[in-house]
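Note that the chains take the letters A, B and C in the order they are written out, and that residue 1 is the start of every chain.
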Amino acid sequence: MARNFLVMLGLLAGCYGFNFVLAEFIEVVYVDYINLCGLAIILAVGLNVINGLAGQFSLGHAGFMSVGAFAGAYASIMLTYGVIESGPLSFASMGSFLLCLALSGLSAAAVGALVGAPTLRLKGDYLAIATLGFAEITRIVLTAQDAIGGPTGLKRIPKMPLLPGAEKWDGGTSTFWIYAFVCLVILLSLNLQRSTFGRALICVRENELAAETMGVRAARMKVMAFVYGAFFAGIAGCLYAHYQHSVRPDDFTTVRSIEVVVMLVLGGLGSLTGAVVGAVIVTLMPQFLRPLEEFLNLSGLSMVVYAALLLLMMLFRPQGIFGQRELSLKLLRRLVPGAGRESGP
Amino acid sequence: MDFTQLLQNMTNGVAKGSCYALVAVGYTMVYGVLQLINFAHSDVYMLGAYFAYWPAKWMGYLPDEKGGRAQDVPLALVGLFVVGSMVACAAVGALIERAAYRPLRNSGRLAPLITAIGVSLLLEYGGQMVFGTEPRLFPTFVEAQSYDVGGVKFANTSIIIVVTAAVLMGALTLFVNHTRQGRALRAVSHSFNNARLMGINVNATITMTFMLGSSLAAVGGILVAMDQPTITPLMGLRMGLKAFVAAVLGGIGSIPGAALGGLLLGVSESVVAYWSTTYSEAVAFLILIGVLLVRPAGILGSAAREKV
Amino acid sequence: MSALLQAEQLTMRFGGLTAVKEFSCAIESGELFGLIGPNGAGKTTVFNLLTGVYRPSSGTVTFAQSDITGQPPPVIAARGMSRTFQNIRLFDELSALENVMAGAHLRGHINLFDALLRTGRNAREEKRQRDWAYKLLAFMGLEERAGLAAKHLPYGDRRKLEIARALATEPKLICLDEPAAGMNPSEKQGLAQLIRRIRDQLHVTVLLIEHDMQLVMGLCERIQVLDHGETIACGKPREIQSDARVIEAYLGVADA
């Protein structure tokens, strides 16, 4: 554990440095892409535990994200301004921000347990459509709440808290916060995956009946996977809300849920590395295709190219980029003779 | 409580549900044979509307500014537009199956699903590129009329929708249950291998399934477009979700189930809309989850038991 | 002294079909007990009833002095009953070692946070599972295969791996569903020895379903015969071999 602690501290320092470099030397547009990638990674790595390890096809990740986003954003506005819709945009204090993050994660996790428990008996596509339904219901219920702005949602969500020495950074400290959680979710998921619980989850995926007769409580494991994935989706939602400074229920449609699944399958379902790579690709591809679209003045082109690439990818490598493998030192050495270190974060 | 209004909502719901059912059939048939959620189906539905829109426009039958009816379209020509759109959509459906799904038939369940999402995106945004993003007014073809029965209004478009849907669904059921090809379809949805051993051309049957589903979706697209009366390249998104829910609700794989699910959805949405239009959007999913928890395979579906 | 496993009047109906009718048996601790019968006699259904896969329509199961009727499989596994499957059910993507470690999960004493934070307890648990799994793989003669994915193992090894996995749950009783199916005679002989060693060295009681008469007769100390869901005989191998109803069930009635 102590080693993990040190690793995390080191990673946090790395995130600080990363944020500094981005703030000082990189154009704002690209920083934005990098931050969006980070958010996508948190979502995808969390969902990988549900869909990849436990094999429970969830199509409702945007729902969990929205719960976290609204819980965190609302709390943050209240803690910072005391009321909705007043005051200029300001920084959240460190304490209130951490509190909001915890609240986001926990409320989303609670919803995860709520969704996970009754839908456990559903399998495969039925589970998928039920979770999709839950996410849609969540979105519609959020839309109907005037206290959080109805369809227009919440605005003037405070900025993420400043860090010592970061007062003059352009674009604030979002990168630090987002990547801190990227590191956290990756570290914890790696630990989970390599533990007896990770194996138990995979057992449920591979053969539920055999898992049960070996003493693995499949129902409990599935709820655990949902709670874990939902927790980090909630965190991602909270970060997203603070990053955008506004959040609407329609930010979390089925399309977004599907997008996260696409990230996983593209990278290779069940592979953490795959989830990370898939998240980055799916986030960046439309962004980099957009200039082409604007140049040719063909609206829709970037999505068409993206879809075509997705299709080709699936047709030629249906198991995803990484399959179920992880990027490990061993694999790296085999691919690139002489290469030693895994590149991060 | 205004019962006339409620009744009015219910009758509107029947029309809406008929459209759901027409699209749901495509989902249910494809799922029945391939266990694949054909995400692209809702975009074939969108294409159905455009395939009827363009010829009408080229021939000068434009709707007037207020989205009213196209002047004096001969009924035979309307029929031609509809049949043309059905044929074109059937071709698109077959093409999708051939190019995107067939190569992945032995690659598990997820890869085809993601491919389906890819095809769906391709059609949606390809549609935006070709047709433009702006909504277009769809010619209504028939003069709007409504008949008043005890305060409840029956619009002639609604009647057309319900009758067309009922006739097509009936025809499909007859086809599936009483023809050679229909029998082949049922056999293939039972087991590829056994069907093949009985001399059934599995690939041809699957292609036929896509063509049937797609042509019905085309009709659904035209009917909804006439009723709306605007069309956009992304019009399939909402419809697709609802129609798929209807299919699952009724019991995926079952054609009567799709009809039942569609109607149930349409009516309950319209009824709830009497109180709240916002929550009427959530009704579909609430019913879905409720039904699945009690009957995990849908109302008319039968769950396969795993052999231990 | 009461039996380790006692089933009384177990009946299982699927709709109108009675798959098992009033099945009773008593297996003593340390026994090698065989359950035989023609195809479709209901043997596997009995296993499913005993291990909690099915809930019996009526009747009771008592295991190690407690009533386990209708309990779910994980509870029954925790009580100390483990099983294999006729149609092998391994965790295909996991390695042989991990498959066995998965069986050892049941007796682990760590919580999720130990795993997430990689505490010392987590490390100790991993070591315990790993050592125990290696020991069982060696016991089954699979130590060479430890790193191979279960799906890549040859058929015979898959059967053995399933037994190793079941043993990893530290059972008092192991139920083996046709462990020799699909094996050649020499493999079968090796397996018979292994099963005997499971009882003698690991002190696990064995309940065995098997089709191969030679194997069952040579191995089991007591045998119960099912036909059409009903018990038609129970006793020592020699008694079974000469039982008229058993012969009739297997060979059919001679035309009179």
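What to note about this one:
Keep in mind that, in the parts below, a residue touches a chain if its C-beta (ideal position, glycine included) is under 8 Å from a C-beta of that chain, and two chains touch if they have at least 3 such contacts.
All figures in this text were calculated on a predicted structure; none of them were measured in a lab.
Chain A has its Cα centroid nearest to the centroid of all protein Cα atoms in the structure. Averaging Cα atoms per chain gives one point for each, and the point farthest from that of chain C is the centre of B.
Per-chain CA centroids place chain B at a distance of 50 Å from chain C. Taking each chain's centre as the mean of its C-alpha atoms, chain A lies 43 Å from chain C. Separating the CA-averaged centres of chain A and chain B is a span of 33 Å.
Multi-chain contact residues, meaning those touching two or more other chains, occur in chain C at positions 53, 85.
Of all residues in chain A, those touching 2 or more other chains are 209, listed in ascending order.
Among the residues of chain B, those touching two or more other chains are numbered 308. Across the complex, chain B is touched by residues 118-119, 121-126, 128-130, 132-134, 136-137, 140-141, 143-144, 209, 254-255, 258, 261-262, 265-266, 269, 298-304, 306-308, 310-311, 314-315, 318-319 of chain A. Against chain A, the residues of chain C that register as touching in their complex are 51-53, 72-74, 76-78, 82-83, 85, 89-94, 98, 101-106, 108, 110, 112, 114-120, 122, 125-126, 129, 165-166, 168-169. Every residue of chain A that touches chain C in the complex is listed here, in rising order: 1, 3-4, 188, 191-192, 195-200, 202-203, 206-207, 209-218, 224, 270, 324. Put simply, chain B touches chain A in their complex at residues 31, 35, 37, 100, 103-104, 107-115, 117-122, 124-129, 132-133, 233, 237, 241, 244-245, 248, 252, 276, 278-279, 281-282, 284-286, 288-289, 292-293, 296-297, 306, 308.
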